[in-house]
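Look for chain A in each of the two complexes below; its partner is chain B in the first and chain C in the second.
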Partner chain A sequence: MNDIYSPERGAGAHEIIKVENVSYDYVSGEQVSRGVRGVSLTVRKGEFVVLLGHNGSGKSTLAKLLNGFIVPAEGKVTVEGIDTRDDKRIYELRAKVGMVFQNADNQMVASVIENDIAFGPENLGVPRDEIEKRISWALDAVNMSEHRRRSPNKLSGGQKQRIAIAAILAMYPDVLILDESTAMLDPKGRGEIMETISRLNKEKGLTVILITHYMDEAIAADRIFVMNEGRIIKEGKPREVFSDTEKIAEAKLELPVASRISAELRRAGLDIPFALTDEELAEGLCRLK
Partner chain B sequence: MQIKVEDLSYVYSPKTPFEKVALDGVSFTVNEGDTIGIIGSTGSGKSTLCQHFNALIRISHGKIYVGDKDLTARKLDLLALRKEIGMLFQFPEYQLFDDTVAKDVEFGPKNFGYGKEEAARLAEEALVMVGMNYAEVKNKSPFELSGGEKRRAAIAGVIASKPSVLVLDEPTAGLDPIGKREILELVNDLKKSFLKTVIMISHNMDEIAANCNRVIVLHNGKLLYDTTPEQLFSDPEAIAATDLGYPHSVHIKRLLAERGIELDTPALDADSLLAALKRRYSL
Partner chain C sequence: MRDMTLGQYYPADSFTHKLDPRVKLLLVIAFIVMVFLVKNLIAYSAIILCVVIGTLVSRIPLIKVLKSIKGIIFLVLFTAVLNLIFHKGETVLWSWWRITISVEGIFFSLKMALRLILLVAGTTLLTYTTTPTGLTDGMESLMYPLKLIKVPTHDIAVIMSIALRFIPILSEEVDKIMMAQKARGASFDTGGIVKRAKALLPVLIPLFVSAFRRADELALALDARCYNATPNRTRYQVMKLSYRDVIAVLGTAVFLVSVIALNMNFWGAYVPPENLWWLFS
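Right after this comes the complex of A and B.
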């Protein structure tokens, strides 16, 4: 199957998402609750970006701003040059930025998997024979081809989420946003999803924005944005972000276990490197002897 | 009060093409005072087992005794049983339904026959116990609460009538790190009060190792292990057989052992691992 994504990645890749000084509040009656305040960021094509933050920190608001679910009260969001406030291009935008949510059951629309996958492209007016190609390609991309004619309700949670991802992929998005898409899964299901998106990112150059509470999942990112009270308070590679233990505490997050232990041992005077993974910590201690 | 499970089996949609054996000859005993973890991959029968404890699923094969009550008895007092054994489902915040938080929490006690005033008093107590400001939230709609608050309100609804046993199905799933810690601290606090026994389903081995004194491992509906976290996580065969993985702290201890660094702890949580490392390096 032909690959629709170019392998463009890394520092030379163009900026696919631009968020410029964006603010958004939720207003209901007299109550105003903060969404995001003065957020600016850019994401390059092919990047794997993770948004971290406690519940209510503004992560999901930011994600919804990226595909035009909500539009900024102040500032500007553009995706491949499309301003999210441009009503005339909203369908084009939604096709470019696909979102997968927490509960896979709420995202299934059809009783047979291939029809579920076809739903998105059909709405985009893609011709039937082209849809056939996309179904095969998308199911292959998430390793679910053999389930094509089955019913989604007999699948495990991890398999359902992979179908939900395939349904988005069939629209050939440039950006895939996963909003706590592994929260309801067991460790095996979570592993399946992380393996799938990491492969799509590396092999197909799909731009991925992952919102998660699992620090283990964040370690795999090219870049992490840490949010607190609607603002981005830290940005960088996983090692830079997690070694800033004060900012992690300020954001009410927890370090990965290995990071926490290596940080405490360093503080107590042991000369080992800051560790992100269990293996790094063990290696660091081993070299001491 | 003991809970005794004897040769429990359960089949979904029996004698149809969709027949599925969910539980297959499961036997074990939960002692008063236990915090027992029920673990196993998705589809291993954990939720089916737990729904038997307060007779949401009626026993089709085998026996369960809660104290001296036989759950297969024809004239089982369901109300008394469910008052004794509280049950918190997965994502319980989806079950909040009333127009105010106070009314939502009162719903349980009222069902168990408490009068209006007594139910209101129990609801207030429960909301305070889960760490909420009663005056502030009582007239709020449950839907105005944040994610973590909703879950605590849902827990308040279950504990309002002071059950002695609490069954929790994935109590921390989907919460942020602080929310997770708060829920587990709450359960431990409740155990110092009226709560005697906790039965907890979790996929998070860090939580199981740090909080449970016993674990039951289910696999394809069968009971594979009935042991302690220390025993289970020091048995690589058991871990390999179940897809569950190690808690991080145990995993680190094992990686160190492979490199010739032995520690004097089972390392069931990060704090005891850290303490053991500090001892070893005389920090």
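Right after this comes the complex of A and C.
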């Protein structure tokens, strides 16, 4: 049951999401507010991609473009070759691109966890015994099996969000998008979610797109896209992106403490490498002569 | 308010808990009809017996049932008093202006109070022994004839399920808003009724704003989970009739027949003794 996702990953893997020069603005009456402008990106199968950006940078708009909640005014978004404008295949697309939102409470429809997780597969017309299997698999994937027959109300924030992730996983999506799903959680809850999604990505090969404004959540990413004012202003591996302190400042993001300290120390002339984590910083400091 | 996580559901492993929700719904409807049909006290005693047996079989603590009755005690007393003073009987005990208290009135108001209490005690047996999901699934299944005339029965069931799910969330939200208002000096438990009602207004507005915001995200979440993707939706929870349901239906049918027999004085088979007339009226 562990390998519903093929282990295909890395540079050779095929491109699962293609965003080509996409623009989208929110129009209400006379008022036009910026969504995204001229964004292009691709996500390969098995990748862990992070979209970083401040409030209003357009990152959530981009997320909504990926599963067809909104369709681009210009440009084109395709998922596994399906155009998000294709109304006839919209549910097929949404089953491929599962999305988890900010507030777990607002995503649950049933008062018992297993019934809530069954909701997605039921909507897709999955046969009953198959749904049974999927519930066990999805709960196991987020380490919540013992809560199967309980009510979601007594759970902690992190646990609720893990149930919301399981509810999406039960639809067997190709891509999991987390739209600010850690924003409302305490540090412990955020830790639980980060641990869960990186495990899903590493062990099960699930493609993950995490949308956040916390830079420390991006450290483990394969690739990072930094967004500001509707555009992607920086793209690359975590180390590349983090060390570009100018772009980070432009995007009004806050570097993790270790990176900030190491950047300041380097500026002051000390010979230490740019650090992403506390451990790296400690190691760099210890090596100083 | 805290312990309403599963509606009123009281988890236990009993005969009633295992019954098909559809059967329970139908039995409760039969029970309600029965309670409204019954006129004399002898027949009422049979219904009381029926409720007591039901509670015992369901392994629900008596205190839980009493609690549910406590919720309507004001209504019961209010109707009892109204019935007592306005019921027109022949054997008048005391009378002033339009108010008359008669022997018949006393029995009438007693029976009405009993009727209300039995209604609640009987129907809470359903909500105590059935999960909200079971209830909504059962209702959807019973609404099948409506589906044939294009009533969106599944949507109705999903709406009910979501409503049940959000009751505890919104009640928690009310607590939070009230605390926030209290922190800013608002007072909800002083003053007359009008003042208290006015004090609630600043709670209701943020509550509605938040509810709409939640509804927005919920709508997206429903779409993300492919709600209405296919007309051939499957179900995870299947309802199956078992021997238990047959027993429950037969048992209730026996009660139903005996209650009617008692109610109609065995179709007039005998004349009640003179001093016991009140039992049979």
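Everything that follows uses one rule, which is that the second predicted complex is superposed on the first by the 287 of 289 C-alpha atoms of A that agree within 3 Å, B and C clash if a C-alpha of one lies under 4 Å from a C-alpha of the other, contacts with A are read in each partner's own complex, and residues count from 1 in each chain.
The rule we apply is simple: a contact is a pair of C-beta atoms (placed from the backbone, for glycine too) under 8 Å apart; a residue touches a chain by one contact, two chains touch by 3 or more.
Because the structure is a prediction, the values reported are computed rather than measured.
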**Request:** Would you sort A:108 into first (chain B), second (chain C), both or neither based on which partner it touches?
**Result:** second
**Prompt:** Is A:126 touching the first partner chain B, the second partner chain C, both, or neither of them?
**Reply:** second
**Asked** Looking at the overlay, what does A:203 touch: chain B (first), chain C (second), both, or neither?
**Response** neither
**Message:** Tell me the contact category for A:240 with respect to chain B and chain C: first, second, both or neither.
**Reply:** neither
**Request:** With the two complexes superposed on chain A, say which partner A:282 touches: chain B (first), chain C (second), both, or neither.
**Result:** first
**Prompt:** Regarding the shared-chain residue A:86, is it in contact with chain B (first), chain C (second), both, or neither?
**Reply:** neither
**Asked** Should A:69 be classified as contacting the first partner (chain B), the second (chain C), both, or neither?
**Response** second
**Asked** Which of the two partners, first being chain B and second being chain C, lies in contact with A:95: first, second, both, or neither?
**Response** second
**Asked** Which parts of chain A are touched by chain B and by chain C alike?
**Response** 102
**Complete:** Per the touch rule, the chain C residues reaching chain A in their complex are 5-7, 131-133, 158, 161-162, 164-165, 168-169, 214, 217-218, 220-230, 232-238
**Message:** Could you list, by residue number, the parts of chain B that touch chain A in their complex?
**Reply:** 41-43, 90-91, 146-148, 173-179, 181, 203, 205-206, 243-245, 248-249, 251-252, 255-256, 258-261, 270, 273-274, 277-278, 281, 283
**Asked** Any idea which chain A residues touch chain C in the complex?
**Response** 67, 69, 91, 94-95, 98-99, 101-103, 105-112, 114-115, 118-128, 131-132, 135, 151, 153-154, 167-168, 171
**Request:** Would you tell me which residues of chain A are touching chain B in their complex?
**Result:** 53-56, 102, 156-158, 180, 183-189, 213, 215, 252-254, 256-258, 260-261, 264-265, 268-270, 278-279, 281-283, 285-286, 288-289
